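Right after this note come the structures.
Presented sequentially are two complexes of chain A, the first with chain B as partner and the second with chain C.
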Partner chain A sequence: MKNILEIKKLSKSYSGNPALTNINLAIKEGEIHGIVGANGSGKSTLMNILFGSPVIQETGGYEGEIFFQGKKINIKSCSEAIRMGIGMVHQEFALIPDMTAGENIKLGRERTYKFTDRLFGRRYSFINKKQDYEDAAKILRKLNMNLDVSIKIMNLSTNIKQFIELAREIGRQDLKLLLLDEPTAVLNKKDGLELINILQEMARGGLSIIFISHRLEEVQQICDRVTVFRDGKLVSQYQKGKFSINNLAGDMIGHLVSKAAAEKREIKGRPIISLKRFHVKMPGEEIKDMDLTVFKGEILGLTSLSGHGKLALGYGFMGLYPVEGEVFYENQKLTKMEAKTNIIKGIYVLPDDRQGLGLLLEHTIEENIIFPGNQIKNMFSRSFGLKILDFIDRKKSLSHVQNLIHDFQIKCTSPKQKVKELSGGNQQKVCIARALTLKPKLLFATEPTRGVDIAAKEKILNMLIEINRTQNTTIIIASSELDELKRICDRIAVMVEGKVFKILSPDSSDLEFGLALSGEEGT
Partner chain B sequence: MKNYLKNYKIQTPQIIISFFLIALICLAFILDMDLVVLLNESLIKLVMNGILVLSLIPMINAGAGMNFGLPVGIIGGLIGLCLAVNFRITGLFGFVMSLLFSLVICLFLGWIYGLILNKVKGREEIAGTFIGFSFIPLMNYFWTLVPFQNREMLYPIGGQGLRPKISLENYFSNVLDDMWLLQVGSLEIPVGLFAFYGLVCIFIYLFFQTKVGRATIAVGENEAFSKLSGLDISRIRLIAIIISTVIAGFGICVYSQSYGFIQLYDEPLSMAFPAISAVLIGGSTGKKAYIFEAVLGTYLLQTMYLLTIPIANEILIPELTEILRTFITYGIILYALLIKDRRGNKQ
Partner chain C sequence: MRIKDGTDGGIINRVNRFVDSEHLVPAVFLVLSFFAWQFSGFSGAFVFNQVLTRFIRDGVLVLSLIIPVVAGMGLNFAITVGAMAIQTALLLVINFQVEGATGILSVIFLGVLLSVALGFAIGHVLNRVKGKEMITTIIIGFLFNSIYQLIFLVGFGTFIPVFNQEIILSRGIGVRNTVDLGMYRNTIDKLWLLKIGAWEFPIFMILVVLFFAAGIYYLLNTRFGHEVKAIGSNNEKAEVSGINVNLIRIKVIILSTVLAAFGQLFYLQNIGMFDVYTAHLNADVISCAALLAGGASIKSAKIRHGILGIFLFHTLFIVSPQAGQNLFNNAALGEYFRSFVAYGTIAFALIINIKNENK
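Coming up: the complex of A and B.
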């Protein structure tokens, strides 16, 4: 088979820090080529180069040569890449929030009215919205999704956004090379598998796919070849069927990963929080009529298929979306669902949308870690009387932050580095460090391991276990990674259509979980 | 700050202005003008306009955009000045009293201004422009009807209503400019004036070190994050807007004592745009601004203004100065809006 893409001696550095060094890689026609690597190993940089992201040009371009269909290319912008037939699904969403799902899917190749085509030319022609929506719905049905395509993107949940983004690329006729950056990261297992089937079918039709994923089972399952990156270098390459997951994991990290696991225990005690007929009106992830009791000191898993409400609970407590119903927290009724009041009471949320909700990207690591602790609880402050005029006690905060950086192995140059320069896994560690600083009694972690590599993933899970065991923090983890939940949770609540459907023990079989997730009682 | 200077990147506007400035200085040299006198004047011009420019910083950093409603604060300052003159308070004490009067009035005006701007989140710049435009005619009634008694302020004939230009000569004109003059050769450095400027800079710097100041920057950068962290966003924005308004009031007091006159009626309207272009020339993006940018921008812009007048008079038609002035002031704002939009699209 011919090579569709050849990369020769590719190097790229960001202001002196090498992100990629001397990469040689060839992608064949109709091949699904997996690329795996820890966070910060240069996968995303490679994608950005291939897709002509402006970040690359702004930071001085790259060295080396890229050949696409035998011709040497130098992609300077995304539109150039699209014209050549390269498509990309981003790890962080690249959708226009103010436009509807249908408009986003058909963006750039809208159907138009023939008559106006002739009258004004193709570019100024009127868009046939109805047909566009039909097309969009058809593409989504291919992904087994039934969605009203006239809903605006900003009102959809992250999981659905990921599908929309996929649908946009899959809908293209001229697509020759598809770049997928963690396409299944935000999907649950079932949706992920479906997506994989679709991808395999497309590859059989001659499409080449570069597939980046942290889920090694998936990579093993669908990729014809797999390349492993570590610290910006290509370390190994395997043919399908000639490697095991442990091979990949070993190459990625340089050493083997020990998986996090919490010992099993029975938690019975007094409830820390109980919900009665609780509603959270988060579009796309609504909670309706939820009843749940969480015991003090336990780790409760919360799982559901996408759109069934597992993400909304924590945000409801922080007042981001309107809530209804009764909540008793430490035997007291919570009357005000507002971030400040609840943070003071000891409730905190780790958001799933790190870049949008979880971090001040332009601020330093130090400031990100101490921010709510300092603002809400006046920690690390040096007072001259009036509280709102407090300065930061830099010495105290710096030593606190340095300890956390050391404990959590946050990869950075100094506590003064800007958070936007860190990789996804390290950003998440910063978020958890921040939560830890607040010493919460009840912590909601929403998708804590999304978009994070294995090593960091286990580290993060271990951190959560440690917080739970040493500080007796009750943790509610909302996640679609059932395997992880089973390893660290004391109980796992399965949600269906915004309600708790069943509470299972982590030792329950996959079959039981599968049935519960799809709302079947089973026998 | 140290980190900031290390990462400071010179951008197109600074390059254009700097080239222009160098060309002007060369011309001034060739035309045999007294460069020391010009330098002296440029220092005074820096502070004269500089505080108005500094007043933009809190609002920009709170995410409330460039303060096109600067006239609100300026009017507060003008009322303060008029009160001081009305009570015939002279000298440095008069100036300090005018600051105090304007502080009280600006606190009130800023509070109302902030409440309005909190209702138009995301469109503060255009709303501010029109608040300024509509506030001016209202104040024109005020100036004509206000029952001030000092005859030096009133129209000479009829004795009612304030004059458009009130001389401060008998009160506190140049009181800061002439304070603690330091002679270095033939150069006169107005230490008092700079001390005051420095105080305002330090005040703003310290404000951003406080808890509420740091919250202000966070709100400006990521409102959703701030909300999730439990901040009261409206309150923080309100505080930033009030501080901006108060500093603007101080700014016009300093401006007037340098200029020697209080200018009333439509005059405040023309002050917002040069101030905004100054901070943009200094390298601000309009989303985040640093003190250094405000100082640098003011100096570049005001020195350029200063040099164009005598040079144009010497070699060209005098009207050209005014044309250039207006063109650069508005052109830079347009440029910034273009840049800002492009940055927004990237995300």
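Coming up: the complex of A and C.
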């Protein structure tokens, strides 16, 4: 088979820090090529170069040569890449929030009326909205989704956004090379499998796919070849069937990872929070009539298929969506759902949308970590009597932040580095470090390990266990990673259609969980 | 955040939803206009004819603001630059004494040429100040105003040769404060004038304004229009969707400036007198106020906001001085009332609409 893409001696550095060094890589036609690596190993940089992201040109371009279909190319903008037939599904979604699902899927290749095509040219031709929506719905049905395509993107949940982003790329006729950055990270296992089937079918049709994923089982299952990156260098390459997951994991980290696991225990303390007929009106992830009691000091897992409400609970407590029903927290009734009041009361929510809701991207790591602690609880101020004139105690905050950076192994040049320059996993570590700073009594963690490599994942899970054990923080983890929940939770609540369907012990079998997730009683 | 399926009734819910919606500002205007009209003592037909005149006078200027808002660049206060472009063209053509249809056509040709060039320049400037477009366009408007005044106060008669002595100040340098547009006055306004009792409908000009509105609606529903909407929503995401953000932004500003030039042309020919140094000055504020009164915000504007807004805003604009005078028995108060209404609208609409954006 011919090579569709050849990369020779590719190097790239950001202001002196090498991100990629001397990469040689070839992708064949019709191949699914896996790329794995820890956070900050250079995978995203490679994708950005191939897709012509503006950030590459702004930071001085790259060295080395790239050949696409035998021709040497130097991609300067995303529109150039798209014209050549390269498509990309972004880890952090490149969907336009104010446009509808249908408009997003068809963006750039809208159907237009033939008459106005001839009159004004295709660019200024009138769009046939009805037909566009029909096309978009048809593409989504291929992905087994039935969605009203006239809903705006900003009103949809993350899982659905992922499918829409995929639909946008799949809908392209001229697509030759598809770059997938963590396409299954936001999906649960079942949706993930579905997606993999679709990808394999497309590859049989001659499409080349570069597949980046942290789920090594998936990589092992579908990729024809796998390349491992570590610290910006290409470490190893395997053919399908000639490697084990441990090979990949070992190459990625350079050493073996030990999995986080909490010892089993029975928690029957007093309840810290109980929900009665609780509703959260989050479109696509609605919670209806939820009853749940959480005991002080436990780690409760919350899982469901996508769209059944596991994500909405945290958002409800942040005050982002309207809520109804009764909530008793430490024997007091909560009347107002607002982030600030809840933080003062000791409830903190770790959102799954890190970049949108979790972080101040333009600010430094230090500022991000101390921000809520200082603003709401005044933890890092040096007081001169009048509260409003307080200075930030730089010494205190710096030592606090340095400790956390050390404990969490946050990869950064200094505490003064901007958060937007960090990789996804390290950004998540910053989010958790901030949550820890507040010493919450009740912590909601929503998909805490999404889009994070194995080493960081175990680190994050271990940290959660540790705060639970040492600070007696009650933790509610909403996640679709059942395997992780089973390792660290005391109880796991399975949600179906916005209600708690069953509460299972982490020792329950996969079969029991499978039945509960699909709403079957089982025998 | 609005929820699609939150349809449950309940009168309080409905009131809440109304207060949070884009209908609040127009509704307030409707109520204010009604009471001001009652106090003003004007007849309905008079107000209607006046408002319709304003509609054809200011319509295109208001419409020229819509595309930049959709592109996420906020209110384009630099439409005064487009106005100055067409005024420059007008003065030059009057100076060279080109008359009749050739005159009008050369004004349009020159004006469009100038506004494309100036729009291009403004677009480049705005690409360097992303996120701060509104304040920048205000300052650009001021800057061009002083350049414009310099050219016509000092340039005419010194480095620009004078062919038409009528428009020049008696000292031989500089253009007069007021230039008569006698030869152009109301040339197209009275076309197809339909009279029903005391009510007058200048059908042709109404159609012209609606034609521009339809043109903008059309543009926003083309590929180009979708790209404009995309960059209006999120620059970075539009960029990775394969859209050349900077280029689209420049095109948007050129379009807006050219539309403003046309708008000012209709405005001037309707008035018939041309205040060389002041005619363009309030074009931006009045137009922005009208658009906002119709329910637009600095992040979302639709054609219907523009059209509704012109009617609502100008009704209040026309009746409020008289109402002020009748209420407080003070003739001078009327004029203050007008500027209060204009700036008050902008402030009020901005606050209310931004509150809605944050939902």
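Following the convention adopted for this analysis, the second predicted complex is superposed on the first by the 523 of 523 C-alpha atoms of A that agree within 3 Å, B and C clash if a C-alpha of one lies under 4 Å from a C-alpha of the other, contacts with A are read in each partner's own complex, and residues count from 1 in each chain.
Everything below uses one rule, namely that a contact is a pair of C-beta atoms (placed from the backbone, for glycine too) under 8 Å apart; a residue touches a chain by one contact, two chains touch by 3 or more.
Every value quoted in this text rests on a predicted model; they were computed, and no experiment measured them.
**Student:** Quick one: on chain A, after the overlay, do chain B and chain C clash, or do they fit? Just give me the call.
**Tutor:** clash
**Student:** If we overlay the two complexes on their shared chain A, which of chain B and chain C does A:Pro54 touch? Say first, second, both or neither.
**Tutor:** Both partners, chain B and chain C.
**Student:** In the overlay, answer first, second, both or neither for which of chain B and chain C A:Phe295 touches.
**Tutor:** Neither chain B nor chain C is touched by A:Phe295.
**Student:** Between chain B (first) and chain C (second), which does A:Thr112 come into contact with in this model arrangement: first, second, both, or neither?
**Tutor:** second
**Student:** Quick one: is A:Cys78 in contact with chain B, with chain C, with both, or with neither? Answer first, second, both or neither.
**Tutor:** second
**Student:** Looking at the overlay, does A:Ser381 come into contact with chain B only (first), chain C only (second), both, or neither?
**Tutor:** First partner only, chain B.
**Student:** Answer with first, second, both or neither: which of chain B and chain C does A:Gly358 touch in the superposed model?
**Tutor:** It touches chain B, and chain C stays clear.
**Student:** Per the contact definition in the header, classify A:Glu103: touching chain B only (first), chain C only (second), both, or neither.
**Tutor:** A:Glu103: touches chain C, not chain B.
**Student:** After fitting the two complexes on their shared chain A, where does chain B collide with chain C, if the options are 4-12, 274-282 or 328-336?
**Tutor:** After superposing on chain A, the clashing stretch of chain B is 328-336.
**Student:** Which chain A residues come up in both lists, the one for chain B and the one for chain C?
**Tutor:** In the superposed arrangement, which is not itself an observed complex, chain A uses residues 54, 320 for both chain B and chain C.
**Student:** Along chain C, where are the residues that touch chain A in the complex?
**Tutor:** 1-6, 218-219, 221-226, 229-230, 232-234, 237-244
**Student:** Enumerate the contact residues on chain A facing chain C in the complex.
**Tutor:** Listed in rising order, the residues are 51, 53-54, 77-79, 81-83, 88, 90, 93-99, 103, 107-108, 110, 112, 116, 120, 122-127, 129, 151, 154-155, 281, 283, 320-322.
**Student:** Please output the residues of chain A touching chain B within their complex, sorted ascending.
**Tutor:** 54, 318-320, 338-344, 349, 351, 356-363, 367, 371-372, 374-376, 378, 381, 387-392, 416
**Student:** Give every residue of chain B touching chain A within the complex, in rising order.
**Tutor:** 3, 209-212, 214-215, 217-218, 221-222, 224-225, 227-232, 288, 346
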